[in-house]
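Letters are used for the chains, namely A, B and C, taken in the order the chains are written, and counting of residues starts over at 1 for each.
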Amino acid sequence: MKNFLDLALAGPDLVAELVALAGRLQRRPEPDALRGKVLGLLFMNPSLRTLASFQSGMARLGGSSFVISPGSSWNLEYLPDIPMTGAAAEHVREAIPVLASYADALGVRAFAGGQDLAEDLSEPVFSAIEGLCSVPLINMESAVNHPCQALADWKTMDDERIPASNGRFVLSWASHPKPLPLAVPAAAAHMAAMRGMDVTVLRPKGFELPPEVMQRIDDAASRSGGSITETDDRGQAMQGAHVLYAKSWSATSVYGDAEADQDLRAGLTGWTIDSDWFENAHSESIFMHCLPVRREVVVTGDVLEGPRSRVIRQARNRMYAQMAVLHRLLVDKGD
Amino acid sequence: MKNFLDLALAGPDLVAELVALAGRLQRRPEPDALRGKVLGLLFMNPSLRTLASFQSGMARLGGSSFVISPGSSWNLEYLPDIPMTGAAAEHVREAIPVLASYADALGVRAFAGGQDLAEDLSEPVFSAIEGLCSVPLINMESAVNHPCQALADWKTMDDERIPASNGRFVLSWASHPKPLPLAVPAAAAHMAAMRGMDVTVLRPKGFELPPEVMQRIDDAASRSGGSITETDDRGQAMQGAHVLYAKSWSATSVYGDAEADQDLRAGLTGWTIDSDWFENAHSESIFMHCLPVRREVVVTGDVLEGPRSRVIRQARNRMYAQMAVLHRLLVDKGD
Amino acid sequence: MKNFLDLALAGPDLVAELVALAGRLQRRPEPDALRGKVLGLLFMNPSLRTLASFQSGMARLGGSSFVISPGSSWNLEYLPDIPMTGAAAEHVREAIPVLASYADALGVRAFAGGQDLAEDLSEPVFSAIEGLCSVPLINMESAVNHPCQALADWKTMDDERIPASNGRFVLSWASHPKPLPLAVPAAAAHMAAMRGMDVTVLRPKGFELPPEVMQRIDDAASRSGGSITETDDRGQAMQGAHVLYAKSWSATSVYGDAEADQDLRAGLTGWTIDSDWFENAHSESIFMHCLPVRREVVVTGDVLEGPRSRVIRQARNRMYAQMAVLHRLLVDKGD
């Protein structure tokens, strides 16, 4: 493994190895595995969990890390071939090789622009930096992907003994005051399909996952023996569900049109997840969310803190999953 | 000791042990005591001394740390049971357990809101996170407390051989352009009373410490053999004083009313501390301030840099005091 | 060496030793040289390369570091003797001794104000903090100096076997939308002169380097056997040049007058460096820039990524040069 950019690129065997390695590092710390190694973390968007879990995970393996956060006062350009007369003082074509020259591995976070769906689906920042990084590159959330979250979620379901084959995974849209990126829903549904689960995307009309994303999920399902369907019928979706994975995202039918997006979501009362949603679910069904989550908007407090919720465990598994990725990239570079 | 939230909760014996341990760590470094441990630092408000002294102190004990700073672009909610439709993207009920899952100890800073005195006295953020943190929790300054500063100040007075019993400690209000929190004055006066000193709170009318704070100080004085009085008579307060501890704070009589506060402080020329203040003080009296301090507003430059000033030593002792707290919480967990 | 503030203060012998040490640390890591040491980094202005290269370099020597970044919410005052009633909550006369008390060495970055040339030439912040720092102090870019960049550039030219004696070094002004500090051009030209090179400052009328800066460069050239000239004739300047070092800076003839500066630079099309500039240069001439650089404004993408460009190597050498400085300051304190 040379980079960690996408669960699909890693493939199911390597993902299984990473999940196993994450569990081993959780049980048996290796405090000297990355002694002397330095991890660079470039956040083009803010972070709580990702920053903390990467810095802590690197330290627990004996290594160090540094954090670069462009922000209001300076920005990085990623578009090619334009005269840089605007706000951006530096181009990723310099910034990435330079940061790579200081680090043994580099994590990058760059959210979707949220204006042009085709552009966001093309992963503009990660496409721009492809081939520029001389050290292993880690996707810490891109326009339409979040493989670290997906790996942690996979481990969480394994920890909870959620069945893979014939396991029923519902990814549900939920209320939220703002249009949010597609990265987590796309990554979560793809991960569950890759794990061999029967995936249902439950969402209101206008919030369909883009065909390109559905195709990727379908490809993963075909290879693993899983399946993928999309519906706005909650009762049907939740029937026998093992997992309800909640996440809000932008209205894809009016992507980039903030006003039309607001109009669509204004009518969607009833998409705050509460205990009623689990009526016909599997008796041991669990609730998952990547966090951060808005209480009483996305989900009620009683579900979030109730016996079904695994959100803190998911977050905790971010650290172990990322430790496994770092270990694999920097110690035992199998392939 | 499970947490470090308040000197009163620790009690005088443990405080004495911590001060002794701080001195020992200053004289005899223990560069491997916290090898492999990770400290999480959550700053809801900005910091210079606290961030630097915690990160350096942790490193000097062989451990690591990470810093999380919510700010303009995202915030943490702490109020219970409200739909999160505003600026806050995450609730402390998730954020704290998650950060705790990445850390071996967690420091939290959350200043007073400064609008509602009763609310600030109830320590709303620390009340909200109580019981949510699975690892030792450290108060890095809350609405009305600052035990790390208080512990450092205690050590500073011990280092300077300021008498405890019959030692005269004057906490004085001072000029400042803005209303400031009560955390440091409340913590400093309480600490001095707990140390057995005779404490005088010197402040203009309208700036009385709240009855709840005075009661806490009085309780500590009763147990230690110290005393507490409040006055606006400088000459009387400074008579024989061993310590002048300066700090500005909000007008408590008009708490939360910025305009009325400004009106009150406009008339208070003469509360910039200069060398005249020490005329009738003890011959070896010292000047203390927690920093940051506004020169020629709170205190003149010649006092601040003069032979009486101990402000840099106080700040330096922050590091040793906090190293003692971390050592006690993570190595020798006595009780 | 007690501090690292200026290449001129270090002198040519020590610079040669530092460059040699940087090369040795690049080839033969010393992962335990600074075990237990803590580096403080105070950034009054933002940073990518400097922060990342210092934190990574310190970690690669086994040490730790912390970062303090005053910003929009709080600032440090450096002017003496004024009542601090404005935005600054703390004075460097407290902040520097305090940070020094937490660190084994302290790096400080403080850009030029850009309003008053005489004031900027006097290095107001570094003058204000001189003598306040009880541990080794490192200039991470001041008003008119950047010795870490200069040291890295010296190493880069040595690595590239650019001749010192009779080597031709052209520092060229270049297009940019904004007036920028003089720190890098002043430091680069001085460094090249100190290395014994024939230095030409190529710039439009109105952008002359200040006489005080030229005098410093001339002094260095006199001692080393180098030379310094200034011109606006590109053909003459580039004739046989070994190095074209590009950097934009403020119009010194109208320093601090933003409008007049804009007027001057509006007429300066043609100062975007492209491959034509190298027509009469030495056949193995190289292109240098300290980064960040604006593509298609300062320089075209094909020069920046072409065979002559050494910008990534310069940036990489920042880390090794700074590791040498830290090693010298904290391990083998020769003089």
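In the analysis below, a residue touches a chain if its C-beta (ideal position, glycine included) is under 8 Å from a C-beta of that chain, and two chains touch if they have at least 3 such contacts.
Quick caveat: nothing in here was measured; it's all calculated off a predicted structure.
Taking only C-alpha atoms, you rotate subunit B by 120 degrees to land it on subunit C; that is to the nearest 5. Interface residue usage between subunit A and subunit B, two copies of one sequence, is largely distinct: under half of the residue numbers at the contact are used by both copies.
Here the CA centre of subunit A is 40 Å from the CA centre of subunit B. Touching two or more other chains at once are residues 64, 72 of subunit C.
Contact residues on subunit C toward subunit A in their complex (touch as defined above): 29, 31, 46, 48-49, 51-53, 55-57, 59-60, 62, 64, 72, 177, 291-297, 301, 304-305, 311-312, 315-316, 319.
Contact residues on subunit C toward subunit B in their complex (touch as defined above): 35-36, 38, 40, 64, 66, 68, 70, 72-74, 77, 80-85, 88-91, 93-95, 97-99, 101-103.
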